[in-house]
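Next come two complexes, and both contain subunit A; in the first it sits with subunit B, in the second with subunit C.
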Partner chain A sequence: MRRAVITGAGAVSAFGVGLAALFDGLAEGRAAVGPIRSFDASTFPVRVAGEVPIAGIEAQWLARELNGISKGAEIAHAAAADGALRDRKVAFALLAAAEAWRDAGTPPGLDARLSFAAGLEQAFLEDLAPLWTGHSVDWSKDAKAPLPPTRYRSTVDLGPRLVAKLLSLRAPFFIHASACAGGGLAVAHAATLIERGEAEMVLCGGTDSMVNPLGIGGLSRIGAPSPRNEPDACRPFDRRRDGLAVGEGAAAFIVEEESLARSRGARIRARILGWGSTQDGYRATAPLPDGSAARRAMELALRRHGVAANRVGYVNAHGTGTPLNDPAESLAINGALKGATVPVSSIKGAVGHLMSASGAIELAACLLTFERGILPGTAHHRELDPDCPIDVIGETPRRAQVEVVLSNSFGFGGQNVTIALGHPEAAA
Partner chain B sequence: MIAAVVATALRTPEAIQADPPAGRHARFLDRLGLHALDAGLEALAAAKLSAASDRIGLFVGTSGLRPRWDEMRAALSGPSAAGPWEAGLRKLHPFWMLQHLSNNMHALLSMEAGIRGEGATFGGAVSGAEALQAATRALHANAVDAALVVAYDEAVAAMVLARPGELTRELGHIEVSSGVDGNPQPSADEIENSGAATSVVQAVSWLRRTAAPGSAVLLSNATQGFVSVVRVEVF
Partner chain C sequence: MSRAARLSAIAMREALSSANFSERRAEIGAWMGVGASGIAMEDVPAIVSASIEEGAFSVQRLGDKGLLACNPLFTFQTLNNFSLCHGAILEGLQGPNGAFFSRGSGTALALAEAVHALQSGECDRAIAGGADTALHPLTWAELQRDGFAAQGLVPGEGAAVLALSRAASPAIGLLESCVATDTKHLEALPSDADLAVLAPWGAPARAFLQDLARSRYALAPVVDVSLALGDSLAAAPALAWLVALDLLQPGQRTVVLTAGIDGDLTCAAFSKERQ
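This part shows the complex of A and B:
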């Protein structure tokens, strides 16, 4: 039977560029949500975010970060010239993918596929504003100008397309647009392609940034972020929780067929033991209160390859810190694990909600458990909500050796996905 | 595993020029999204799969999450010196973000039809074919008994037409001209490129058990370059 394993990983988060920065931040129990610096948010209702600590992304800097990839400098400069780097998630995708590729040993000569989640197409208000006449847009003002490919907006596939160019991936790629479940589904899709023999290697993950005027403005209007503009804006499973913290970043993985990985001597970071996908079919803006569909996603992830629930040693929760998600997810966890006391944490208090990339960055965090024997903590969780009767790891990470972990991602509109990861030496 | 397309519902370019059915989702969906949702429900009904189920999947392909110009006006309608929030972002409709989420139609259709099985939304140029492929994989894995596949897109939105300004020069077949309120006027080609297509796909083995009628058989699908190819033959 063909099995999927992770042999490379890369991450960009509020802790900085690189998987090590994410690991170090989580292992030390730090939190990185703070005032927005990449644009002037002083007049916005939401003024804090888990922002990647890079104010402006410039071609020279990106080219240096992409070192070791032959097309790195070329892609970085071309993206800057086209205006693509105005959409921060484009650079995040390139950085995470390049790190994952290097981490996997820059596997040569393989026809890797790409399965990536990306968020909102970003509208560039600065392009549109000069065309505004006061009551309409006069497009003719721009009709003769040379229009770069990213005029007015970045397309949904812009980041993944540049990743494919960067790494010379010629196989077709898949863009996942399932909101906050997208990153998890992209990895699940990769595992499916491997298991079915449709691919030998897949570069997968997710990238997103809504830390821009339009993104923060839209989220402010919908009221999902915490109304407090404090670094502890997101307090998952805490009685005092009052909303999410916006985050940004990316994570990428090289997923490949296990025997191929072993034959080329690749380091296996984790095994993908299964995944499950369900839908609430309930409401667009609220999870199913009894958590039953989320529970089924967790159960399906275990059942796919017959992993017993009692092997699960840690759950990385979706844990948004919103009033409705956390109790429903607690019910789901208790149901799927049959009431067993299993440590649970959410990293959203530390890095914010990465939206389309959340499932990917949280899967990256799960690798910490295997590689350093550390279960990430839940930043700003201090008072357990009685409606969340689960074993929440508080602000201090725990030391533990675990065999199987589950990573939950529950998206807007009730799309749920759970990935089951196994220790590299775990039995299938 | 052989999968069969057992029901389809389409919304042609001509059909989508009519108003979509009125309903409670109009606050959250644009015109084409409403047409796609309606077509999805029609396909399910034609396949006699109207009951809520954990064993029905939903797979959607659309081009992506796109801010549309008509809503963006609010963001530009004030003095810029006050900053983007005061200048107009504060005037965005509270549902603006929801209306533009790429899986918005997916969410509302799953809710309306009670679809609780596997699901995913794909974005980009060949996302409809990717959705169909994902549906067949879910059938193959026995994760679902049936899957509703929906693909929809519009080339008539102003933000879409704006960017192909470059294509106007390079390809010469897309005319971008000023229309009502300064928005680009879609050409006939672009209207022809807008629409919604839905299919209900089931495993033939399942059909044999249930004796449900099948109209076509999906024998294989493959992706070549950036074009997905789906082979369908009469069942």
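This part shows the complex of A and C:
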């Protein structure tokens, strides 16, 4: 039977560029949500975020960061000239993908596919000003407007397409448009392609940034972020929780067929033991309160290859810190694990909610458990909500050796996905 | 609800109803090809108007005034997975799922995933389709910017959804295969067909698909759906599948060939048993 393993990983988060920055931040129990610096948010209802600590993304800098990839400098400069780097998640995707590619020691000429979640287009409202007549947008002025080719908004697949170009990946590309479940679904789909024999290697993951004026503004209008504007904005599973913290970043993985990976001597970071997807089919603005669809996603992830629930040693929760998500997810966890006491944490208090990239960055965090024997903590979690009767790891990470971890991702609109990861030496 | 999400929900309801998928809705899988975000255009002037100060866009004004000028739920309109989720919510679908952004092959990839899920037993019924609009001013501005309007792309919109089952009787048609490839790798395409239905995006894609249909399926009549319906982006392949099924005769095979602006080529082959 063909099985999928992770042989490379890359990450960009509020802790910085690189997987090591994420690992170190989580292992040390730090949190990186703070005041927004990439634009003037002083008049916005929400003014804090888990922002990647790069003020402006310049071509020269990006080209340097893409070192070791032959087309890196060319892609970086072309993206800058096109205006593509105005959308921060484009650079995040390139950085994470390049790191994963290098990390896997990917042999030249290897035939690889792409399965990536890309978030939404970024709107550039400022571009509409030259077209503004005083009461409407005059699109006929478009041709004369002194704007770069990427104007008004980026395109959904802009980042993934540049990744594909950077690494010469084979079309067609799978661009997952599944909101906050996108990153998880992209990795699950990569494993599917491997198991079905449709690919030997897949570059997968997710990238997103809504840390921009309309992204932050739009999320604040729907009341999802915490209104307090404090660094502890997101307090998952805490009695005092009052909303999420918006984050940004990307994570990418090289997923490949296990026997081929072992035969080329690749370092296996984790085995993908299963995945499951469901929909709430409930409401656009709220999760299914009984958590039953989320629970079923977790059960499907375990059932796919017959992993017993009692092998699960850690759950990386979706854990948004919103009033509605956390109790519903607690019900799902207890239901899927049959009430067993299993440590649970959410890294969203530390790095924010990376939206379409959240499933990917949280899967990257799960690798920490296998590689350093550390279960990430839940930043700003101090007082367990009785409506969340689960074993939440508090602010201090725990030391533990675990064999199987589950990672949950639930999207706006009701898409759910759970991925079961196994220790590199875990039995199938 | 964005326009694409609304069109999708309408198509989903009709597909589920016509297939008589009324029982055990929670088990039905759903895969859709989706397009760009669908922010309501009445919100854009409202936001911009309230955010301009002395002729220039002001981020500070956006935060202070612009955000209050629009629908508070506008972010939900921008979420393109709602072309999948709104219909699922309205119809109570809770099965396995996926939404692929499509500028060519994503919608066919959605259909292929639905077929795999049925074959593997992940679900025994599923829906698959696409929904999109090229008439949204921002999308149309992008298509013009990228030169597709100059290449003859005529904007259209729509949604189409197929209801799929492992064992349906009677069935409208049998989905023999669904592949996504590029214009240089044609070996996965069926070698013969009685009818070729085309859904190209713009003139270059139209010329390519017409040449392909003539050379590969020389005797088959060719129907160009995009000439009739316009280029409806992520919806285009799915609308063409419906046309193909409508034209399908017992004992025949119809291929649906699509080519999008991403350079990918897709082919779905349908047949119908002799009665």
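The rule is simple: the second predicted complex is superposed on the first by the 422 of 428 C-alpha atoms of A that agree within 3 Å, B and C clash if a C-alpha of one lies under 4 Å from a C-alpha of the other, contacts with A are read in each partner's own complex, and residues count from 1 in each chain.
Throughout what follows, a residue touches a chain if its C-beta (ideal position, glycine included) is under 8 Å from a C-beta of that chain, and two chains touch if they have at least 3 such contacts.
As the structure is a prediction and not an experimental result, all values here were calculated from the model.
With subunit A as the common reference, subunit B cannot sit beside subunit C without a clash. In the superposition on chain A, contact of A:Arg153 is made with both subunit B and subunit C. Legend: residue contacts after superposition of the two complexes on their common chain; A:Leu260 is shown touching neither subunit B nor subunit C. Of the two partner chains placed around the shared chain by superposition, neither subunit B nor subunit C is touched by A:Leu324. With both structures placed on the common chain, the touch criterion links A:Tyr282 to subunit B and to subunit C.
Of the two partner chains placed around the shared chain by superposition, subunit B and subunit C are both touched by A:Gly411. Subunit A residues 40, 42-45, 118, 120-121, 123, 125, 128-129, 132, 135-137, 139, 142, 149, 151-153, 155-157, 172, 174-179, 182, 185, 189, 192, 196, 213-214, 217-222, 277-285, 293, 296, 300, 411-415 lie at the interface with subunit B in one structure and with subunit C in the other. On the subunit B side of its complex with subunit A, the touching residues are 28, 52, 54, 58, 62-67, 69, 72, 75-77, 80, 82-86, 89-90, 92-98, 100-104, 106-108, 110-111, 113-127, 130, 134, 137, 140-141, 143, 158-159, 162-163, 165-166, 176, 178, 181-184, 223-226, 228. Within the complex formed with subunit C, the residues of subunit A that make contact are 39-45, 118, 120-121, 123, 125-126, 128-129, 132, 135-137, 139, 142, 149, 151-153, 155-157, 171-179, 182, 185, 189, 192, 196, 213-214, 217-222, 276-285, 293, 296, 300, 411-415. Taken together, the subunit A residues at the contact with subunit B in this complex read 40, 42-45, 118-123, 125, 128-129, 132-133, 135-140, 142-143, 146-149, 151-153, 155-157, 172, 174-179, 182, 185, 189, 192, 196, 213-214, 217-223, 277-285, 293, 296, 300, 411-415. Touching subunit A in their complex are the following residues of subunit C: 25-26, 30, 34, 36-37, 39, 44-45, 47-49, 51-52, 55-57, 59-64, 66-67, 70, 72-76, 78-82, 84-86, 88-89, 91-101, 103-106, 109, 113, 116, 137-138, 140-142, 144-145, 180-182, 262-264.
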